[in-house]
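Chain lettering (A, B, C and D) follows the sequence in which the chains are written, and residue indices restart at 1 in each chain.
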Amino acid sequence: MNLSWIMPESVSTFGPALDNLYYIILVITGIVFVVTEVVLVYFMIKYRHKEGRKATYIEGSSKAEWIWTSATAVIVMALAIYSKGIWDTIRHPDMFPVDAYQLNVTAKQYEWNATYAGLDGQLGTSDDIQSRNQVHIPVDQPVIVNLQSEDVIHSFFLPDLRVKHDAVPGRVWPIWFEATQTGEFPLACAELCGLGHYRMGGTLIVHSKEDFDSWLSEMQIEAEDDE
Amino acid sequence: MKNSENGASDNRMNFLGWKVDIYIGIWVILLLLTLGEVILAFLPFPKMALASGLIAMAVYKAALVGWYYMHLRYEPRNLWILAICPLPLAFILVLAVMTEFGWLVG
Amino acid sequence: MSDAVTASIDRTPEPGMGVFNKKLGMWVFLLSEVMFFTSLIGSYIILRYAHPDHFAAPGELLNVNLTAANTFLLICSSVSMVKAFAAIQQGDLKGLQRWLLATILMGTAFVSVQAYEYIMLAHEGFLPALADYTAHAGGPLYGATFYVMTGFHGAHVSLGVLALIFVYIRALRGEYTVADHEGVEVIGLYWHFVDLVWIILFTIVYLI
Amino acid sequence: MSSDISMGDSHSEDHHDLGFIRTYIFSTDHKMIAKQFLVTSLLFLALGGMLAAMIRWQLGFPGQPLPFNLGAILPDTMAPGGIILPEFYNSLVTMHATFMVFFALMPLMAGVFGNLLIPLQIGADDMAFPRINMLSFWITPVAGAIMLASFFVEGGAAGAGWTSYAPLSTSGEWTGVYLGQILWLVSLIVLGFSSITGALNYVTTVIAMRAPGMTWFRVPLATWSLFITAWLLLLAIPILTGGLILLLLDQTIGTAFFRPEGSGEPLMWQHIFWFFGHPEVYILILPAMGFVSEVIANRSRKPVFGYHSMVVAIVAIAFLGWIVWGHHMFQSGMNPFLGMSFMATTVVIAVPSAIKTFNWIGTLWKGDIHFDTPLLHAVSFVALFVIGGLSGIFLASAPVDIYLHDTYFIVAHLHYVLVGGSLFGIFAGITFWYPKMFGRMMNETLGKLHWGVSFIAYNLAFFPMHNLGVQGMMRRIYDPNQYEFLQSLQSTNTFISKSVFVFVSVQVLFAINFFWSMRKGKKAGDNPWDSNGLEWACPSPPPHGNFAEIPIVHRGPYEYSYPGREQDFWPQNEAPVESFGASTKPEHEHGE
């Protein structure tokens, strides 16, 4: 049984920042959890009903209230402020890298279609290349995926790259990430999208720069043969 | 349960100088405001100014109906606090969802 | 504090709000109605802000003059309702019956004018469904939001008229006196609320 | 309708001639309505539990036919040869959540205890509007019947999740479910009226019908939490009704509120749903918090630690509950700036929950704790609510939510708060107020056995779900093994499924205890738990009209182990004896 609290190793640039935040929260909540449960059990044992001993009449103490209210408030606000920084790097429109490689990913009931710019380097032109359930990206280069959906809401989820964003029909949603390792990584759908939701998996293939270019040119030649 | 608090005595109000039944007075104000709204709606002002002006008049009319006709003016204070408590919730929902479509944030 | 304990405690709710139960109940019910109309009117405002091209300028499609007259009608019915309440406060049962009847008639007139307006709009192709919206201006969202808001308001007015008829019958049987006319005041609150919602609706649907 | 003029003076004498129908079926007595709610919602709880068992069967043993040939009773459109189909799995997930949230937990807390406790604890003879109260119950079976019918219609029950996100839920084209989704919508719209009429009654009764002397800060915490829950119900349910009506119109006459092809806005549905949704989850937890405060204070014979801050915390949770809904939508394409502001408001809501938790633990401190079943359930509520609250902090932080959203971490969080929290709180409430409802005590050994096995099985079932979520397993997936990176988690899933089967089947003990004690339980007097509340100042089960004469309240509800008194409790309505030796604290005598 895999009962580990350690996330699978992250292979994207903002992955480590997100993981650190997760581990900080894990430590803080872990400590609070252990302390609270131990105190609870300790009180239960220590103050259990014994003949002749009466409870002490305590209505509360506003000093204690202030202590734990402000302590909780300070901790959670600190977490929020720290999270805001990371949230901005990932989602703030101005933080999107400028020289990123663009591709479209269109979700459809039970598959992902990725579209790459063809020879003319322009998306949306006739010579675009399609690939089904496989997203090919170059390594160590920021990538902007324009997410859209043809029918219902799907969710573009790359666990290893710490990427998740819903593909909502009706609008295009740009998201960015940068892979730091080559290899094949799972792509999953995280939003209930009908009876085939469970088998909507795909793969993200991260190539080195050269491999990616050769793969792209290979696909372009294939595309020309088909015409 | 006797219904005592509606002071029937001060049911008069002076309207442009002569004493008239309060309900008729408020009624006339409401009609005038409605007429004003219909006229204002077709004047060539910028859309935003028109909209806010019209909404202000509508809210004022609504307040008049609430204050006089629903007798909020005679009721204990915390009843009209209770009466307006859902309004901030309505504003929160509408304003928050409008930011989805570019309001305030690009 | 622990004053002499008298057996028959006066049931007036000393720690309460000093308002009899039915009125408090009606006010609390009206709060939930405010939230119901919030969701409908809220969707209209949101969709109008998101897709302004779907909506037409005031008067372009909707008949503003007819509805302005209709609004007069509803305001008058509000006045007749409050006059009915003022009448029974002085114990004038006849006045109560007359004003209640006036309110019922004006309420029904309002609903029928609105039904007539619906038929006129339908002929122009102004319909809620996406497929059959063929009006010359605006888009399907305009039809959908318009019919939902004004339709549910009309439904509330019709329910109000039914309740008024029920109160009117009890008035004819003389069941309301100076001392006990809670029913009249409660139905009056509902009626003024429905009028108040229409005042807001008329402005943001027809005039903006 | 018999025009009983005013509810105030119907004393218990004229109760006998009401006959069977008016006493048991169409009763306007708040206590009988509470029992009616109790029976129906326990049935729906059992149904929800069975649906959960089927979900866990499919996840624990993917693709294998249901055991003991249970599959034979299911038609081939659901489980051919006993093997659950993916579309039926989606209906199972949707209906499990719908029945549990709307037909089990809400009626169990607001319906049962709202009706039972509010009039009794504030010293009223009945609800403000008894007939509307009866109506509020009788709408629930009607809505339940419509929801049950949706299983048997062509295309099966709704399969778009209990949140029924648009556009999946706006047309049968995407899910193959046409009539089922419409029935789901109609049933929840109808149920909304039951909640509104109920909440209307609770708010008016608490404001207007408190006994003389029962000032706001002498109201017990159970009634406080039910009163604030009634406010949340009153203002949140109509929003859901409005949204459901718009969705119903999209489904039926083809409007385009949420359908992108007609330039509708799918995100607007999520906003409307969650604007209702988050107050809804506080509706599901606040009453349980109230019952737990009562039980812990009573069973440790000690006043609630910081009564005023507990009340302030309840009110704060209710206010903040309205401005946090966006944390359900961090990754749904919501505006990132909204994401940031919702993160800020969401973390703030951890503060009142922390206050309540530390106050419960403070109540146990230096107490004289009696280990009865209600206390065991109440303390497990506190223990498990701590876990649920802490796992919420992971999800409140938007970046971490990027990874954890729609994974089993969320399923663990919500089950720790709803099952570990509300369900154990309900068990505490039922076992604590059972004597008041039925005049007999629930069996202690059976109760402790049920608690013990439930507590262990529950934790074995739901704690590993945190780890499933951290490893990336997504929610609502029919067969995780399709994803290669999830295959290693299958053994955890099988273990969880077995624990769930134990947890669900052990509830039979509670059912046996519940029905057996009704006839054969130990006779309970008026005040078996030596409690201070007014509900214990009348006989159990109380007659129609509750109190022979209206009680006068002289002190707060938690005067346990008052210094200088030999008895360790001091009922609220006990008149203060002037010749009382010890110097009574003045500020207490004259109340607030």
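The rule we apply is simple: a residue touches a chain if its C-beta (ideal position, glycine included) is under 8 Å from a C-beta of that chain, and two chains touch if they have at least 3 such contacts.
Owing to the predicted nature of the structure, the values given are computational and were not obtained by experimental measurement.
> Which chain lies at the heart of the structure, taking centres as C-alpha averages?
Located nearest the centre of all protein C-alpha atoms is chain D.
> Where the centre means the average of the CA atoms, what chain is farthest from chain B?
A
> Using the average of all C-alpha atoms in each chain as its centre, how far is it in Å between chain C and chain D?
The separation of the two C-alpha centroids amounts to 34 Å.
> Take the average of all CA coordinates in chain A, do the same for chain C, and state the distance between these two points in whole angstrom.
Roughly 48 Å, centre to centre.
> On a C-alpha centroid basis, what's the spacing between chain B and chain C, in Å?
Going by mean C-alpha positions, chain B sits 14 Å from chain C.
> Chain A: which residues touch two or more other chains?
93
> When you check chain C against every other chain, which residues touch at least two of them?
Answer for chain C, listing residues that touch two or more other chains: 17, 19-20, 24, 28, 31, 35, 38-39, 42, 46, 50.
> Please set out, as single numbers or ranges, the residues of chain B touching at least two other chains.
Answer for chain B, listing residues that touch two or more other chains: 86, 89, 93, 97, 100.
> If you go through all the chains, which pairs of them touch?
Here the touching chain pairs work out to A-D, B-C, B-D, C-D.
> Inside the complex, what are the residues of chain C that reach chain B?
12, 17-20, 24, 27-28, 30-31, 34-35, 38-39, 42, 45-46, 49-50, 58-59, 64-65, 68, 71-72, 75-76, 78-79, 81-83, 86, 89-90, 179-182, 185, 188-189, 192-193, 195-196, 199-200, 202-204, 206-208
> Note which residues of chain C are touching chain D in the complex, please.
1-2, 5, 7, 9, 11, 13-17, 19-22, 24-25, 28-29, 31-33, 35-40, 42-43, 46-47, 50-51, 54, 128-131, 139-141, 143-145, 148, 152
> For chain D, which residues are in contact with chain C within the complex?
These residues of chain D touch chain C: 8, 128-129, 132, 196, 199-201, 203-204, 207-210, 212-216, 234-239, 241-243, 245-246, 249, 253-257, 259, 261-265, 268, 272, 549-550, 552, 554, 575-576, 589-591.
> Of all residues in chain B, which touch chain C in the complex?
Contacts found on chain B: 1-3, 5-6, 8, 11, 23-24, 26-27, 30-31, 34-35, 37-38, 40-42, 50-51, 54-55, 57-59, 61-62, 65-66, 68-71, 75-76, 78-79, 82-83, 85-87, 89-90, 93-94, 97-98, 100-101, 103.
> Applying the document's contact rule, which stretches of chain A touch chain D when the two form their complex?
1-8, 17-18, 21-22, 25-26, 28-29, 32-33, 36-37, 39-40, 43-44, 47-50, 53-62, 64-65, 68-69, 72-73, 76-77, 79-80, 83-84, 86-88, 90-93, 109, 151-153, 155, 157, 159, 162-166, 168-171, 173, 186, 188-199, 201
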